[in-house]
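What follows is a pair of complexes built around chain A, which joins chain B in one and chain C in the other.
After this line comes the complex of A and B, so read on.
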């Protein structure tokens, strides 16, 4: 971890705590809801708070206040959040409230309980919010403590081609493990610079089938031509994983452009031979489908 | 790679040094090194801080033009807050700025946010939205016709600005691939020909920039004879993102906008000599780690006399202006 960045992070956290302590924390009774005797009543009341028309001006600030109110239960705050998210269905009417909503989401993205925090970051990331993208990147680069699981952070960052996260994805695709690596490989599906790496993973028998499949699908998007070559090699390799070979065969069958690249008579003949000798039902079925498709064409 | 915050930290010292205002204006250029590797949002964030600094120092003409262009196209609340605050330090007239500010205010509706700049200068207003900031600036515009800047929105003045003389064989090392995978050298279509050239990329998220440019060019591909009295003008749109914008992408993007493809109306990517072309035309495009992070709208006229005239991108919106170009 970089010392200077850590120092800045600590200072920012101290500033945020000071701001928070100045803010008056409201209790449920302060919101002036009538006939609210239980949390369930409160959640029902929240779900009936309209975000349109003349009520919006009164309701939205209340919902935003509840969203950021740490004295309320996570369930109630989530209820307020879910109600506010309906604003997406009324973009014109909700537009004047968007700045305050974004501000509230940024506040809870760092401080709130897990479910709220994750949902806030997700919402912000889908809006390509700069603040959220930095939090997610910093978490992946160990500049700060991650706010959400790394695999999810990778997924959210990959929504925006302009988030400049590609270098992080490439590093994670090589070095990470498990779900993080899987998501990073998915995120590289239109990265021309990763074609070589993806090819390498697809053909590496030491890699798990799942990882090889994900790499293959990303390679298919990044370079259909090189995927065609890798997939045809896989299909014909009698020593390779049958499930993977079946997946490669299906990918060729269901993509006309790729089928056109590989569908030479020699390949078709070799596939027939593979099909007749294959023990795996999955592989046999996928080969049958390929053969049926070329007969139709 | 320098972070956005590290760049922003240096801005005040640049502004306060001798010639600082001009240096700040220069730093606004999208192709400058300090933007390299930044995300689009971080690049916008840095530019917003450059703009807001003009509230404290004098505003050079280059910055005025850039403010107008960003008011025409930007969807960034920080940038619009920066510009609208900077304008309060200039004696600007309603005539010149009112329409631009109102359009920007309408555009940011639904995407606005509270902006907290990283500067702690008390003269800079923090915690405001673009809508609020623009409203305040509109109220401070001079009612009288006090012009703070020359009106450069004429075809003639744009034609005379920074014209480039193409050197012999300068384009010989530059090659293009078009939407039908046709490969040809840039010299074939650009050297010694009348050709209108625009730049774009298919992943541009700003509908006021690339999408609108290609849509306007598409109209021109159908109406060249009616609008400019000539079918001999070629039309070329070159991608800023040659790695991603392959022929199928180019074709799809153009077709969706009604672009009428032909031998002299093409969407292309550069397959060789892209750095050289960017240098010749001094293209205003910056790159993050995967794609363009920011770019200007850029339009050029290449003529059969081997001259390259940079044009105001707004000219595409007023097609009759193009009659002057081929006269």
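After this line comes the complex of A and C, so read on.
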């Protein structure tokens, strides 16, 4: 390929794009929303509101006002929210507006329609906001009406190690069902007090494959040594679920410390035997990957 | 008689790699008859499996040719030639291209040398082997949350580190080095791997699948059974939280590639104008999944998709540099030369964390230490400055950082 021609072609495409998208740059004073024809037009206007430079001082309060204005449609409020979220990517310029933004998020976390409420709670939770964490915990413990589905609440609380939610997670890991239990088991991957419970679930063939897999991944983090033992037993158990065995094998392969714990010659020999007799392609592939990794080492 | 072909650098396994940017190799005749002062040799490349192709030249230029004929001196003196990948023919695996040295008249094969034209590719276009190697290397780096990946997660958090990475014109250089650091770590696990990019202004159906970056179900990413990233752990918690977003489709209301490059201006392109891409498309791409870790700076690197997103951001910068001739780090249009930026954003500033802990209000810890070394190049050094990362292909400075993109050629 001729590099010069390629460059010319790129430049021509950029020039064509420039011509196509030449439009009047709107200034803040032009944002007379009463003149906007349609909701789509309004959303496009919102998406052009800059959060940098001198524009930020004028635009952010307008956007915050739209976000908290319950007379506006959910779509418009979400548009304002999405524009404000871009502020995260201009931390220096957005910093003066952060307190007002956080205040607005806390307000809509309790009062707004579902999509706004869920997104606000998530944003706050990812920022380790204590107010939001309390709202989520109170919902799980039925102290207040849940603002978000329980599985999602567990998911968001698990983000912060210090969110004082461990006791709730342990209870849900034992007593809950479905996605709530799955998320609780994931959340306990840092919890030394849950190692025994996780071990029990991993080896319990009455549990579903999905739950056992999640428990195994959490056990791997909580106690690599005990995971190594559980995983090696799983891999070699010809009566256990092939998918689970493949996952265990893959987990050993991709963690050098765990591979070192289990990688005795007797285990390697047994794995080879399992691989040659396995009917499951997934299990065979995962064993092949393990064997390749120990050859490289 | 044969020709010894030697590249400037090799890794611990004796392998060598190039990008589009030529490197200078040496040719030596061995076991030659006495009295012969030179041998006429023709160099070509032989490609297997539609892999990489090469260009040859006597000087550093993008105008190389498919073959070159020259007289290789005898008597122990090396004859020099430049070799680089032939754009856009990148390798798929090591050794799918090799140099062949033949006696020019008889055609006798005198020597061969395998190598790889290793460049960063569009994630949506990787073959299964490339995809799996990348995922496996990434999972190994993560080490179930206990591996070296933890440093990369800890470099990109809120507070003072956030200001280092996003608080000024240093945004693009900081992320360029961040990605390079990660890629070099991946290559120390599997040397054939390079970081792929998510071209977020185009549909990417092959990327958003269970066998690659995963599919969002209920805000949590699902992978196929046996997928290496099933073992992904960050901050002690396994899994990835990511909203459904547009999934494999293009992202609406996001600047496309040409619109992004156009930001830099036309008659006298300026980096300071191009840098506006930090908001859109960069920020917009982060937000495009709606919810999940990638939507917040402090949690974004917990999602592997983040690195593919930023690889595309860097590619856009590289492409802007290519079309705008902006490789000279000292040139006014290549970077903000006013010196008015905050520490960590000026051309002569060494980038944190690779330059160690700072004093408040800058970060007082430096996760990961210095930049990972590469067996292929000494550039940009262990603690690079902003000016060291602008000319990533050594167009002007001759300091080749040894990465390139599949759609951005070398041009000098």
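Keep in mind that, in the parts below, the second predicted complex is superposed on the first by the 263 of 297 C-alpha atoms of A that agree within 3 Å, B and C clash if a C-alpha of one lies under 4 Å from a C-alpha of the other, contacts with A are read in each partner's own complex, and residues count from 1 in each chain.
Note that contacts are C-beta pairs under 8 Å (C-beta built on N, C-alpha and C of every residue); 3 or more make two chains touch, one makes a residue touch a chain.
These numbers were taken from a predicted model, which means no experiment stands behind them.
Asks: Now for A:186: first (chain B), second (chain C), both, or neither, which partner does it touch?
Replies: second
Asks: Using the touch definition from the top, say if A:295 reaches chain B (first), chain C (second), both or neither.
Replies: Touch partners of A:295: none, neither chain B nor chain C.
Asks: When the two structures are laid over each other on chain A, which of chain B and chain C touches more residues of chain A?
Replies: Touching more of chain A: C.
Asks: For A:164 in the superposed arrangement: first (chain B), second (chain C), both or neither?
Replies: In the superposition, A:164 touches chain B alone.
Asks: Check the residue A:239 against both partner chains and state whether it touches chain B (first), chain C (second), both, or neither.
Replies: Neither partner.
Asks: Examine A:103 and indicate which partner it touches, taking first as chain B and second as chain C; both and neither are also allowed.
Replies: first
Asks: For A:130 in the superposed arrangement: first (chain B), second (chain C), both or neither?
Replies: It touches chain B, and chain C stays clear.
Asks: Which partner does A:145 reach: the first (chain B), the second (chain C), both, or neither?
Replies: neither
Asks: Check whether A:92 is in contact with chain B, with chain C, with both or with neither, and answer first, second, both or neither.
Replies: The answer is both, since A:92 touches chain B and chain C.
Asks: Which residues form the common part of the chain A surface touched by chain B and by chain C?
Replies: In the superposed arrangement, which is not itself an observed complex, chain A uses residues 91-92, 161, 190 for both chain B and chain C.
Asks: Could you pull out which chain B residues touch chain A in their complex?
Replies: Those residues of chain B that touch chain A are 37-42, 44-45, 77, 109-114, 129, 131, 203, 205, 243-244, 288-293.
Asks: Once bound in the complex, which stretches of chain A touch chain B?
Replies: Going through chain A, the ones touching chain B are 91-92, 94-95, 98-100, 102-103, 128-130, 133-134, 160-167, 190-192.
Asks: Mind listing the chain C positions that touch chain A in their complex?
Replies: Counting only chain C, the residues touching chain A are 62-63, 87-88, 136, 139-140, 142-147, 158, 162-163, 166-168, 218-220, 225-228, 230-231, 233, 235-239, 241, 253, 256, 258-259, 261-262, 266, 276, 278-280, 282-284, 286-287, 290-293, 295-299, 319, 322-323, 342, 409-411.
Asks: Within the complex, which stretch of chain A touches chain C?
Replies: Contact set of chain A toward chain C: 1, 3-4, 6-7, 10-11, 13-18, 21, 44, 47, 50-52, 82, 85-86, 88-92, 118-119, 122-123, 126-127, 151-152, 155, 158-159, 161, 179, 186-187, 189-190, 213-214, 217-218, 220-221, 224, 243, 246-247, 250-251, 254-258, 282, 285-286, 289.
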